[in-house]
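Once you've had a glance at the structure underneath, I'll fire off some questions.
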Amino acid sequence: MDWGKVKFFLGEVLRNFTRNAGMQATAIGTVAITIILLGAFLFVRATLAGLGSDILNQIEISVYFTNDATTAQEDALRSTLAHDPRVATVQFVPRKEGLAELRARTNGVIDTSLLTENPLPDKMRVRVHDPASVPNVAAKIRKMKGIGNVVYPQTVVERLLQLGGVLRRIGLVVIAVFLLVAGIIISNTIRLTVFARRREISIMQLVGATHMYIRAPFICEGLLDGLAGSLIAVAVLAGARYMLWPKLLLALPWVQLNASVVNGPVLVGQLLLVGGFIGVIASWISVGRHLRT
Amino acid sequence: MISIRSVSLIYPNGVRALDNVSLEIGKGDFVFLVGHSGTGKSSLLRLLYKETVPTSGEITVDGIRVDRLKRGRIPALRRHLGVVFQDFKLLAEKTVWENVAFAMQVTGAHSKEIMREVPRALDLVGLSHKSRMFPGELSGGEQQRTAIARALVNHPKLLLCDEPTGNLDPSNTTEIMELLLRINLKGTTVVVATHNQAVVDRMRRRVVRLEDGKIVTDEERGYYYLGLGQGQVLSG
Amino acid sequence: MDWGKVKFFLGEVLRNFTRNAGMQATAIGTVAITIILLGAFLFVRATLAGLGSDILNQIEISVYFTNDATTAQEDALRSTLAHDPRVATVQFVPRKEGLAELRARTNGVIDTSLLTENPLPDKMRVRVHDPASVPNVAAKIRKMKGIGNVVYPQTVVERLLQLGGVLRRIGLVVIAVFLLVAGIIISNTIRLTVFARRREISIMQLVGATHMYIRAPFICEGLLDGLAGSLIAVAVLAGARYMLWPKLLLALPWVQLNASVVNGPVLVGQLLLVGGFIGVIASWISVGRHLRT
Amino acid sequence: MISIRSVSLIYPNGVRALDNVSLEIGKGDFVFLVGHSGTGKSSLLRLLYKETVPTSGEITVDGIRVDRLKRGRIPALRRHLGVVFQDFKLLAEKTVWENVAFAMQVTGAHSKEIMREVPRALDLVGLSHKSRMFPGELSGGEQQRTAIARALVNHPKLLLCDEPTGNLDPSNTTEIMELLLRINLKGTTVVVATHNQAVVDRMRRRVVRLEDGKIVTDEERGYYYLGLGQGQVLSG
């Protein structure tokens, strides 16, 4: 092993990097900004997805028993649901409580003193893990004995599921577009930095340098540009996250914003990877362009 | 060493730079290439290290058919040649030392060897004291000497010099030409394209004369002007 | 007027443009992509804002009369509301209909046959133009005679208004950031194209060209880069708009997506302006950097 | 025309290129600047069109205190000078014609005038047939002549030539020097930094000799080597 060579190569990369400081700064800045956009978008998307599933998770199925339902039938339903892996929670609401609830819900508009008899049946509230299984669970309950009406906000569930699906698809497309955009912008930037040094490349060739030999420092440079840009981006995103998050929580206290939906280290890793990868690919291709002599 | 057979070169813009040129240069020869400006000297040299490819004809350098050489093999060819380019072609972002060292690094030379040979080459052209400067900080002649040092540093078998003394003063020129002679005596083939009448006339070596892309004369011990020493022209 | 000079200048710009085709293409591509992002964001924002106000506009105030309210009192409310400019529509729901509605809403769970008497009062449904005025209108109604309960989804209104405010502020910040980002990316790109020609600039200076003389073609080039990029972006955005919009309407038929919230020509103008402006400024500054000799 | 008073120039890297130089050049003079490579000839010329500023001393060109000239006034100064740069400094993206025309355009010349003068200048240096080519498509000597044409085209009052014949063959060199003489006879002051002994010795003009950044001799009808004609050195 010729350590002199290694030392030289690293020195070479570092020298190129510092001697073209202005150009490198421009490239790194562009990478950083692009990655910030990408990261911010991924973050917002994850947060919104978390928010959406929170809303959906609050959807419940109301199961009304017939007036002649037996306790055995009610217990049967309860145990069936307890064994159903899709079901999260089950809550029994006796008819009396139901009336109180109705009254409270209509804000005292219904004058219960006018009622000679309770018009409500017993009721069971069922929540499921995955909102998508609401219709199936409801259908299963309907088939059991002693069950009168099984109600859930059908259109709401359908629409939210539909909306979720559309948004998920749009989200994927936008991520793909964003990655593409980030890729194009970063690679354009690095291509221009290589272009600015096309004369150097052609001289190196004339002196007898192989394509690999010429490429190596440029590729390391691309990698450094990409990583440095991504690191800056990650720092800015992290800063924004810790500065703005509390403000957002304060502004919208009732929204169940869940920061943990975003896996920080993984996202950081992904962003660094994207930056470095694009840097390498871009310089590889751009140098190649100028090697065709 | 060099064998050029009926080579023509027409540039993409239609200029016919070389017209059915044939030339043999043996191992260890020392050849001057002379001729008017724009007559094809640089083009001829460029063919030898495959910066340009001939439109027709065969070129063999050190047993290698250069005109047929695959692109991937070009670096290996160039590493065995030393070339002093007419416009120097120094790397602006590398110091004098790095520019010279670069020619060795691309051959995969060991760094110890580089540390030994680079200072020696810089010393030969009298630039040791400028080794840490960038080309942009050098005078024209210093740049030219850097280019010469870079061409020498690998001890190439074939040395191609395109107007190597255009920016040098006479005493510098004499030194450089003596250096080339010494290298030639050690067995290196040397081809020098030049306009320097004094140099050609004093050294009395083989002179290949180009005119409009054609070789018009090829004399064993020639003068810059056909058959005439310098004094004669001056007085004429 | 020396037309030769004008012709020369235009020829100059065109020549520079075509002789550096690869570099220009890179710059234009980057501008286009940046402007596409910006345009897409502005478009999405406008659409979402439209959607949000649609939802808010559907909010209604339920006004329940006391059981002993007179027809005169009911008419008084009606005429008061008719003269209130904030109010959009007023609908009277007699208690009988109210019961039917309640039954329908609870999906027949309430066994109305068990009711000896209608527990519901007469009701009036009020919609306003600006959701923000809901609380004020409700308070005004409460002060009138014969009114029992005035109900509106208070928390929903409050939260939506709050959310809208926060989103609007975030939107403004994001627009500012986006403009900045677009500006930086475009100007970085153009700066690099100028950097690649720094040697040319210094030669021009040595031949005696004034700063303005050197700048002029570069600035025109920046303008062309900016405008060309923006034009491509506008074309892509328009294409996407007409391709994707029907699909979105089909996927979410119940969402009141309103395309007209986006003023096409104005947006196009703005995007062109942004592109061209940044191009000019960027080349102005970048050339200046290399003029400091 | 030119008045240089105790000028010193130390480059940012610490190199002392000029050391207390004083020189007067009258209107219509023809002056050779000679000296070894790296001795400060180019640096001296660079001071005159303010590519570099002196570390100390006064420089007056055509009545203008160049060392004190404000940045905004530099273009005007340069437009009244013609400079042949040692490394040509041609615009790679402009053709030969455009390169020469550019020097006129910056002066705000009328396009009719440009159409008349550019071909004339190209004709003088023998490049009319290459006017549509780019510098990259020219031979070294052709590039040099393009640079000369550009310096001439404006009929400058002062012509600074830095090694203007380094890439030219002797006959071309003679033509160019005769051209410079003719221009000089029309009243233009001409300063030529050169290493071409033959040219200097044949023309017998004023010779200013630099050594290590100092003016060592200034002869009215000098030779390249101090007091010696070319033949003598060659035979010595």
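Labels for the chains are A, B, C and D, by order of writing; each one numbers its residues from 1.
What we mean here is this: a contact is a pair of C-beta atoms (placed from the backbone, for glycine too) under 8 Å apart; a residue touches a chain by one contact, two chains touch by 3 or more.
Model, not experiment: these values are computed from the prediction.
Looking at chain C and chain D, no chain is in contact with each of them. Of all the chains, the one whose CA centre sits at the greatest distance from that of chain A is D. In terms of their C-alpha centroids, the spacing between chain B and chain D amounts to 27 Å. The mean-CA centres of chain A and chain D are about 67 angstrom from one another, to the nearest whole unit.
Chain A and chain B have Cα centroids separated by 63 Å.
Listed for chain D are no residues, as none touches two or more other chains. The set of chain A residues touching two or more other chains is empty. Taken pairwise by the contact criterion, the protein chains form one closed cycle in which every chain touches exactly two others. Chains touching one another, given as pairs, are A-B, A-C, B-D, C-D.
Contacts from chain B toward chain D in the complex involve residues 11, 13, 15, 34-39, 41-43, 86-87, 133, 137-142, 144-145, 162-163, 166-173, 195, 197-198, 202, 224-225, 230-231, 233-234. Of all residues in chain D, those touching chain C in their complex are 49, 51, 72, 74-79, 81, 83, 85, 89-93, 102-103, 105-107, 110-112, 114-115, 150. Of all residues in chain C, those touching chain A in their complex are 22-23, 26-27, 29-30, 33-34, 36-37, 64, 67, 106-112, 114-121, 148-149, 151, 155, 159, 162-163, 166, 181, 184-185, 188-189, 191-193, 195-196, 248, 251-252, 254-255. Of all residues in chain C, those touching chain D in their complex are 2-5, 7-8, 15-16, 19-20, 197, 199-200, 203-211, 213, 293.
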